[in-house]
């Protein structure tokens, strides 16, 4: 999630079908692996492979029978077969929609959010510029939504600093509304808290505003609008503010550090600003350890379920838990951040989704809050 | 919840009224106890019994007075009395509906889900057969809903195995849609993960599909459809998959092990596929220790509140918590499992319900997510 | 929250504008401080003060440009400027609504709930009288809602007793409906559990009913109706029942003990029965330690986010957590109670709100579940 996988016109499905093309060959191993995983579908990678047996279609499932009966027709064996075959045909249509979505994953869309933002160093101060604008955002192929964005990104650029750093954030408001930035989770002096009419005046359209502070506490934090926020945060004025601790000796050693921002407002159900199949997979090598920093910027809970491996919860809102604990489904409430470690010890392409199922799947297939963790052998 | 209490035509209320009938006499002690508890209503089982005093009806509650005033009538003392007496009559009507529901508990309905499924042993492999069909399901007396069921049960049959067991699950699809089974919480090889188009092809109507694996991790897990799942799980394609640990020395010793599956889809608010008053009580002897395995297969949180005794939380998603902790209201999110211990040290019939009150009660009385823990002296 | 701040006609805004009036001078320091914090807006209380730069309005934000283009007009520099200036004017209007709400805080309303209720001592028994009536309740200035209240308060009066106390609660029902009281969290004998038709008859309009028991377990508990409860609790029949432990040596020593009851029914989103700007701030001195007892009597989760300082979670439902843990956003589910400690070590006026943003802010400004923690230097 922290890195954007570059891709041209091909989807993973295309890659899987033409693995020897030069373009595919030059592609990163991670993508090939995802393609490989898809190719593996149904071939059985375990010793005791799954087996599918084509059986006769059910002679008369209650539903099919009822349907025929209700249409008033005389129901003979032939009619039943026709009815059952209609059911299979409906099933095929549904399956085709599901397959199409998964084959499109990870689908290419214009622009990616949550990209690392390098500060300018000015007299020892790390200076970040955030320009808020209104724009169109593509959450899934062809799905254009109205957005408010920092630096043209939804979520806004990822800020990473160190405990004790001196930081300046220059907000330029090019919106048609006033705005302000609240640094959610940072224990700042009150003048830097970003709440219009309580700690500062609103930053009006065309104005800029400068926040400056010494970073007080480590952990997974966020920045977002605190003015007309139900609207502005829903439209994209939000981002990750990660603070690395001064003393890194107690930090878990990980191979990847992934920011995973959940939202559910006007843009639909999104991970880092994208909906399935445009969400980005996390790609890891077998044996790697990854840290995931969940952040909920939405209005609903999202219990995040990872298939195949458990999650070890280490921190809440940037504060270590008294002892790590394990789960496979972690409930993330609005405003919360949870840090987890995943030991990538189970190879394959693993579904990774919100377990409120209507946030992840309809009869037209998967959508919204679905991605994958790909563990490559 | 793990066992179905058999009953014929009688409800508990009937039992309570005719405790000496032969039928009632042969009935299990637990039912008698429930009936007994109901009979005890208002008789005061504590030393300092509650006392009710009939007082004059309120001369003119603001609402009653306002109502009369608003109808434009001249309001004298007589009118007020009439109005208040109308209020009492409305109250009596409401109370009668509440009483009727509670007297009907536990109401008899056709078929019960979550019944233990005995495996066939084939060359050391525990073989479970699950046949998915479409059918009608009775959630409460006379409340028939369209369902999808494994082996005619909602929830599907309860599977219990041991860590390290070799297990085969044969899925027969007699639905009009494709399907697949995901073993939620089990850390299986990816080919057994049950996600169509990612780890296997969909199992089409009329087909069967075989999953086979060595059970990798202990705990309270689930199996359910992972295809068109928002619909199929909502309609009943779900069940408990309990894995007992190889090393049982660390397991809490309990007198009962109860599976408690929550759902809130097309079937309404249900515990193990039934709505109050058709939910099944948990019946324990004073001093017994019970383990409850909550599993949320719905789309909403359900904070489960037990009256009279606290719950000690020991595991989340099949993994021990670092230390047990106590509560009386445990919030269960979709996809989560929580294991708790209840020491049944407080005799009586205790309400046990979701504390989102509109999931449990309306002005017509209790419904949906309500049951009782009966602790017998 | 546990104490009501008295105020006459003035709002904090007025106070801030006329700090030398005799009335203001006599007012409590806490209010002056709140006013002071508001006055400080935009003046920059940190060494490196925030700076606002008036810049030219954006030449053409995408939205503004698009709007003009879509109206079909020929877009010159002048048109753009007009459009942008219209945007600024709309922004000013929105900001004025936001400012008005904040300046009104804490707004005066009729009656406050959650007031300490002193028991009568009768032969060593602490006797509390609760009279349930129907009335109008003011949640915010001019916002009158239909309510059911104990002793004319929403929430009902705060009951505080000690573990082992003998307590009598006399309920007088002056409603037009039957009712009953459940002591949520207390492990009472079943006859005192307050569930009509299971543990007692309903208490009909005009009747009274007496509960009496020895207080069994310490902690932050609640009392509320358990009859037609989705309606009656939503309308206000609820209150805090705090039990201090016999052995106080393990209790954290705090300077304030604040009860914070959340509700979200027919009265809208409320803290202790009031909606912003009529919610009451918590006012503390720098260096003080406060204990907050959250209680959710609503139907939805509310993740409570405090700005500027973290919350240390010590207890759940009246039971100590195995170890304290820290957060800034604590998710409170219906029926749950959570106790936290806040070390007031960061001076200023801090927003304190539910982080489901539509529970706290609209484009008309803050409302509902918003208050402030004021830390005075």
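Some points to look at:
Just so it is clear, A, B and C label the chains in written order, and each chain counts residues from 1 on its own.
Please note the rule applied: a contact is a pair of C-beta atoms (placed from the backbone, for glycine too) under 8 Å apart; a residue touches a chain by one contact, two chains touch by 3 or more.
Not measured: the values here are computed from a predicted model.
Chain copies chain A and chain B are related through a rotation whose angle, from the C-alpha fit, is 120° to the nearest 5. In this structure chain B contacts its sequence twin chain C using mostly different residue numbers, the overlap staying below half. Centroids built from CA atoms put chain C at 33 Å from chain B.
Counting partners per residue, chain B has 301, 322-323, 331 as the residues that reach two or more other chains. Residues 133-136, 172, 174-178, 182, 184-185, 187-193, 195-213, 217, 226-231, 233-234, 299-301, 316-319, 321-323, 331, 333-336 of chain A are the ones that touch chain C when the two sit in their complex. Of all the residues in chain A, the ones that touch chain B in their complex are 37-38, 40-42, 44-46, 48-58, 61-64, 84, 87-88, 90-92, 94-95, 98-99, 102-103, 301, 303, 305, 307-310, 322-329, 331, 346-351, 355-358, 360-363, 372.
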